[in-house]
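Heads up, the next two complexes both have chain A, just with different partners, chain B and then chain C.
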Partner chain A sequence: MEWSAIFLSVRLALLVCVILLAVGIPIAAWLATSGWRWKFLVEAVVALPIVLPPTVLGFYLLVAMGPASPVGRLYAGFFGHGLAFTFTGLVIASVIYSLPFAVQPMAAAFAQVDRSLLNASAMLGASGLRTFRQIVIPLSRGGIVTGAVLSFAHTLGEFGVVLMVGGNIPGVTRTVSIAIYDHVQALEYNGANAMALLLLAFSFITLSLTYAVNRRMWRVWPLQR
Partner chain B sequence: MKNQSALVAMLLACLCFCPPAVVWAGEIAVAAASDLTYAFEQAARRFRQQTGSSMRPIYGSSGNFFSQIKNGAPYDLFFSADVEYPKRLEMAGLAEPGSLYEYAAGRIVLWVPANSRLDAGRGLALLLDPAVRKIAIANPEHAPYGRAALAALRHEGIYDRVKDKLVLGESISQAAQFVASGNADAGLIALSLALAPAMKARGRYFEINSTNYPPIIQAAVILKAARDKQTARQFVDFLKQPEGLALMRRYGFAPPQAGSGGGGN
Partner chain C sequence: MGEQQTALAVDVDKRLNGFRLQAHFAAPAGFTMLLGPSGGGKTTLLNCIAGLLRPDAGRIAIGARTLFDSAARIDLRPAHRRIGYVFQDLALFPHLTVADNVRYGIAKLPAAERQLRTAALLESFHVAHLAARKASEISGGERQRTALARALVTDPDALLLDEPLAALDRATRSKIIDDLRAWNAVRSIPILFVTHSPEEAFALGERVVVIEAGRMVAQGMPQEVLAAPRHETVAQVVGFENVFDAKVTALHENQGTMLCRLDGADCELEVPLTRAGLGAPVRVAIRAGDIMVAAERPRGLSARNTLRGRIGAIRREGVRVILAVDAGVTFEVHLTPSAADELRLAPGREIWLVIKTYSCNLVHPRN
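For the complex of A and B:
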């Protein structure tokens, strides 16, 4: 069992999950409420990582991070080193790659909130932000939790993009999925099996808990109405 | 209208159930290590011209092919980047007895992009230069070129000073891609890749003395499950002829016994 790879994956997934909560909620709220006629284009862009193979994303990210691209040059100019093969690079790649997994459940939940409640809130003089905070968010907890958990779990299991931009540096970019792949390549099936089983069990438990909580199997937080 | 949709459904069904591309008699499927890509494109063309039979190469990582073959993949020939895999297949009874043949000894080179200010001619000492921040090599855990790169660095006595600069490609091709895209400043890659058309114009290389690392013996076997062993043998014979040897040499695959090489471009 390679604990450094496991810890690295968990650290990456947690960080990506927090960033996606911060970035995803506004995007989801905009997608759920905006009446802009070209909104479908934004929806398509957000959903792209679901259908694109990680190789496409990984390839473009590698090129974008490299010195041949303006972004890569700008970053290297500021920080003195490139983005590829760094933990920061992995975080950026994972945020892009897991974006739809956070945004889509959240947007769906926001859209389901009863319009009349929003209108009532506005009639009573609450600002849009306050309505969002006190009405929409509490009523959309299920969707937000699902989005957060999916982005966490998806990042934890991410392989292709990390393989393409990571460079397999222990403690920096060698995530658990890469470690598993290496073990398989080196024909060390026992090592691969131990970590693969752990990941499988963890993913199953996480997803089960999320669905159970969404079905109100247990009350993990007091229902405030 | 109804007829039309029935027709479409039938066509779709045909598409779904028609057999996948089959290998015809006189055509062999060759699982080949990805560094053979350019050499084998040429070899396939010449082989067809000479014999009328065709060989269809499938490129990938030798480790993956090994697992696939163990699980019944329908290849006729397996050209591995590492002699270890064909040996294991032979031991497992999955290869034709006596068909194992060492087709080349891999060479490693120090490679820098063409637009880099670094001078590859300085050899491995160049890697100590502070301008070299990342060095791409293949993963030594499972790629023989990666193990050779580590051995060369240790032989030069600089491994401890450069080990934090190393980034590992999943295969030697990925290591090459890391440095060709400019994300790594230098790389230790296969000579065959440095000579590949896609890489040749994009960088400069310096050949590492082949006595400074253990030989990277590359070997092939005819598989027991091969459907056309005769054509498979024909292809192996083709590569052993002077023309085949010259072709392979042009792409950086010298036969093992031709041994030691020097530096220089």
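For the complex of A and C:
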């Protein structure tokens, strides 16, 4: 069992999950409420990682992080080294890769909140921000939890993007899925199986818990039609 | 009271999905009933007043305080209008307790006053014992009361009620109305109450505004609006069971009456004189309860209209007997059960209908 790879994966997934909660909620809120006519373009961009092969996404991220791109040069200018093949680069790539898995359930939940509740809140003198905090967020807990869990699980299992952007540096960018791949390549099926089983069990338990919790939330929601 | 007694003045013109709402009226302190068929624009009107919809043109003000004025480019946000609005679906926050729902609108007040006001409103609307319950766990009537308390705790300048009591039984409804009246006896704010029930409008309102297809077709005191409908819609809305097309056949100017022949029937009715000329099409509206039934041809009556007819069907609804009588056209007639029993009314039986001239209301048909 390669514990360093497991810890790295969990650390990466947790970090991405937290960042996506902070970034995803405002994006989801905007997508759920905006009436902008070009909104569909933003929706398409956010959803791209779902359909793109991870290698394609990884390739462009690698290029963007490299010295040939302005972003890569700017970062290197500040920190003295490039983003590619670092843990930070991996986090950024994973955030982009998992963005739709966080945003879509959240946006769906926000959009499902009864409009008349928002109107009622406004008639009671509440600002848009207060309405969002005290009415929309609590009533969307299920969607937010789902978004967080999905982005965590999705990051935990990613392979292609990690390989393209992070490479395979033990303790820095070598995640569980890459370690498993290595084991299989080396015909060490026992080592691969141990980690694969761990990942499988973990994913199953996480998703089961999420669905169990969500179901209870639906049940305490009789006003929702 | 004094300064609180300010009227809600509304003048809006709003187009929405091929529908046009034009309303112009003033609602003084007290109950003003907005009466009309569903889809007629009542909720749209409330949403314009609340600021949830923006009128294309017009002005909305409470006393001297302008909420909307298209000419002056004033358009206060809903949150700044100081209007209480109880939605048709109530829109209680399901994840909050009854007390938290009521408190929601006064979050900026000091904690002590907030507590006091919440307690007072919960008390006024008899939901104090439910304060700690989730809004999603209480009954229909309790939810109505909570919604009213929540809207009124903010001390609004006007109150909008969108059929808030439609789902309740009569007894619960009248108790809630009594509580609301008691509350408003002190505050004296304009209350706009949407309903499609003429009985409710007649019973509750100090004023009635009738809205149909986006236009105001009548307004005034309930008695005025209900007793003398001058527009076909009003007649339907206020519950005339009998509405017939007819043509004027004779004018008796000196009597203040005229005769008209009902279309499709060989019978004439004497009705009050209107400006309609000879041969003009008119529409006659008669309440089912205003028609008398006689077992034989009546004599020596002041009523001018006696029509022979045959009973088609009899059914009983509560304490009313409802007859369908064929007299060339079908009349609906309402009687008390004892009257029906005494006359031994049965389907197929021939009877006489007696209708006073002034029970015939002339309605101007839409052109």
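In this section, the second predicted complex is superposed on the first by the 216 of 225 C-alpha atoms of A that agree within 3 Å, B and C clash if a C-alpha of one lies under 4 Å from a C-alpha of the other, contacts with A are read in each partner's own complex, and residues count from 1 in each chain.
The working rule: a residue touches a chain if its C-beta (ideal position, glycine included) is under 8 Å from a C-beta of that chain, and two chains touch if they have at least 3 such contacts.
Computed from a prediction, not measured in an experiment: that's the story for all the values here.
Participant: Given the touch rule stated above, what does A:Arg11 touch, chain B (first), chain C (second), both, or neither?
Facilitator: Touch status of A:Arg11: no partner.
Participant: Just chain B (first), just chain C (second), both, or neither: which does A:Pro67 touch?
Facilitator: first
Participant: Check the residue A:Lys39 against both partner chains and state whether it touches chain B (first), chain C (second), both, or neither.
Facilitator: Touch partners of A:Lys39: none, neither chain B nor chain C.
Participant: Does chain B (first) or chain C (second) touch A:Ala126, or do both, or does neither?
Facilitator: The second partner, chain C, only.
Participant: On the A-aligned overlay, A:Leu117 touches which partner chain: chain B = first, chain C = second, or both, or neither?
Facilitator: Only chain C is touched by A:Leu117; chain B is not.
Participant: Hey, what residues of chain A end up touching chain B and chain C alike?
Facilitator: The answer is that chain A has no such residue.
Participant: With touch defined as at the start, can you tell me which chain A residues reach chain B in the complex?
Facilitator: Listed in rising order, the residues of chain A that touch chain B are 62-63, 65-68, 81-82, 84-85, 163-164, 167-169, 181-182, 184-187.
Participant: State the interface residues of chain B toward chain A in the complex, per the touch definition above.
Facilitator: 61, 63-64, 66-67, 133-134, 136, 139, 141-142, 166-170, 174, 177-178, 181-184
Participant: Residues of chain C touching chain A in their complex?
Facilitator: 50, 52, 77-81, 83-85, 87, 89, 91-95, 104-105, 107-108, 134-136, 150-151, 154
Participant: Considering only the defined contacts, which chain A positions touch chain C in the complex?
Facilitator: 114, 116-117, 119-127, 130, 134-135, 138-139, 220-224
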